[in-house]
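Note that subunit A is present in both complexes that follow, paired respectively with subunit B and with subunit C.
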Partner chain A sequence: MTSNFSAVPEVVELHVPADASFVSVLRITAAALAARLDYAIDQIEDLRVMVDEAASLLLTRAAVPSTIRCRYILDEGDITLLLSAIPQNREGVEKDGFSWLVLDALADKVDARLTDDGIEIEVYQKRRALDAGDTQLVDRG
Partner chain B sequence: MLVTPNLSTVAETGRLTKDELRDRVSSEFSVIHSPDSTPAEIETARDTLARLHQPLVGHLARRFSDRGEPQEDLMQVGMLGLVKAIDRFEPDRGLEFVTYAVPTVLGEIKRYFRDHAWAMRVPRRVQEIRLSLSAAVEDLTQELERAPSIDEIAHRVGAGRDDILEAFEAANAYQTVPLDPAADPEETMPSLVDQLGVDDPGMIGVERREVLRPLLQSLPERERLILELRFIHQHTQSQIASELGISQMHVSRILTRTLAELRERIQEEPADAGHSTG
Partner chain C sequence: MELQVKRSEHDGVQIVSPAGEIDVFTAEKLKGALQDAEASSGEHDLIVDLSEVSFLDSTGIGVLVGALRRRREQDATLHLVTDKASILKILSITNLDTVFAVHPDLQTATGAAK
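Presenting the complex of A and B:
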């Protein structure tokens, strides 16, 4: 089957209340988009975990009540997640925690920054070929 | 949900700071890889490493807490992954242990779902859920005397909310060719997938749909219309009969014949259009 990747980046954007019960919406959207790009199941699972972790990091920092904005940028099969929120204060994202650690281990690139609009986490995930095998055996070193 | 403990939770085990923990991990690994260590020393080092990273495994296991599997089982499977990571980790490669451990633990959890809970592949699991879905929805509707919620269905089927949503989504995914709409409660007629006699429902992936789509399009107008009315609009055979002004028997015969033709042609065109995932 040929996957028809668009020549220009395609962007899907969701705004959800900064509330843990809405994280599943972000997660399912990520899974649906990855499925559309013909991602292997393992990688879809990784993506869901990453959405969870990034959202969880933002939720601990987001002002209440507020909104989490999630942009999914699809570019030649690769996915970039841009999650942002208005933080309670101008402190950066906590990079000591498990969530950051997991993101760092799973993502091909991860970054967090303070922007004019608030706090933003960027997660980049490269699409892996379907026959690349179990991620467990992939040495990322 | 969504608890975010920080590394100090890991460190708490031995009251270590993050840096002390890193040093501790690296010194335990040098014990494991030193030719001078006794088996007992190696065993102790492995135990210590496992204990130090147990909270990390707990964190990862909780990420799968809404999938309808007991948390203790996930934790145990995750710990197995952790032990594998400890045994396979090569400190000389300059990678941090956690960076290696996270995908290994997740890999083990995913494998567990695949082998035990998901029965090989997620699509199969979704497929299985979908099969029990219509029965569950029907039962619950009768019991509750109203349409059930996703959570109620998830509880009844013994699956997570995401799984149920996905199963519904999968059922509606290809609206031009829905191969397996929920069973018609009025008429116990199997779905198009069942009718086509495809051996393994788990294999009904995109590839099969891609084969089917042009086949359906190549059918004569009336045959295609009847298939669409039956499987897309879920009309009963009798409804179709009165809509087209023919007898129900005739509708039945056309359906049987058309499905047999499709079945034959789908077998003539095996997996060319698909990739070799199965």
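Presenting the complex of A and C:
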């Protein structure tokens, strides 16, 4: 398997309106980037769910109207998602709901914090080595 | 990403069949369709056929839990149809795979629903 991992982290950044109708755009981008890194299908699915849950959590806290900033940081095949928004107030994200439960279960690492710029959720997913039984979206041979 | 929701009936049991992606944007549409189906359900169970759903997140799960709660108030329950690994995984993470009656196909669900 040839790899197209870069020696330095590559960053893809999207700014979308803090509006529920734009969450699908963040999912599509996550899937495209994970496929580019030869992730197995189930790991692509996990990444779609994680960016979706993080964005949904931010939407409950984001000021209206405002923007959600989503950075996809690709580092030797691992992906870190950094999502941030300007919150309505200085309260943190809800960590006792289904969204956080799902994020915590799927991510290798997840954190939410208040920063000087607003509210930020960080999700880290390590690239899993492909098993013989794994299905890939594209065979890059 | 649009969500289409169809409704049908089998021996008095309402079947709600969403197709597409269920997320924070589309979940309201599913909720409306479920409430319409519940209004025609009496004390019957309700079936939600997720066979054509390609994505389900915790917002969608929340809508399904709401419908289950309302069915239980009528001494009925809510059946889910799915054999998709990603959806089964979300149900398992949220510990809802044992709360809903989950069936691999619609025929099994209609056989179990009352």
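In the analysis below, the second predicted complex is superposed on the first by the 131 of 141 C-alpha atoms of A that agree within 3 Å, B and C clash if a C-alpha of one lies under 4 Å from a C-alpha of the other, contacts with A are read in each partner's own complex, and residues count from 1 in each chain.
Operating definition for what follows: a contact is a pair of C-beta atoms (placed from the backbone, for glycine too) under 8 Å apart; a residue touches a chain by one contact, two chains touch by 3 or more.
All figures in this text were calculated on a predicted structure; none of them were measured in a lab.
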Fit-or-clash call for subunit B and subunit C when the two complexes are aligned on subunit A: clash
Which superposed partner A:Val11 touches (first subunit B, second subunit C, both, neither): neither
Which superposed partner A:Ala31 touches (first subunit B, second subunit C, both, neither): first
First, second, both or neither for A:Asp96, with subunit B first and subunit C second: first
Partner contacting more residues of subunit A (subunit B vs subunit C): B
Subunit B versus subunit C as contact partner of A:Val49, first or second or both or neither: both
Which superposed partner A:Val64 touches (first subunit B, second subunit C, both, neither): neither
Stretch of subunit B, among 25-33, 61-69, 205-213 or 259-267, that runs into subunit C once the two complexes are superposed: 61-69
Set of subunit A residues, in rising order, touched by both subunit B and subunit C: 20, 23-24, 27, 42, 45, 48-49, 52-53, 55-56, 59, 97-99, 101-102, 105-106
Contact set on subunit A toward subunit B in their complex: 1, 20, 23-24, 27-28, 31-32, 38, 41-42, 44-46, 48-49, 52-53, 55-57, 59-60, 94, 96-99, 101-102, 104-106, 130-131, 134-141
Of subunit C, residues touching subunit A in the complex: 1, 21, 23-25, 55, 57-59, 61-62, 85-86, 89-90, 93-94
Residues of subunit B that touch subunit A when the two form their complex: 1-2, 4-9, 18, 55-56, 59-60, 63, 66, 81, 93-95, 98-104, 106-108, 110-111, 114, 121-123, 161-162, 165-166, 169, 206-207, 210, 273-277
Residues of subunit A that touch subunit C when the two form their complex: 20-21, 23-24, 27, 42, 45, 48-49, 52-53, 55-56, 59, 97-99, 101-102, 105-106
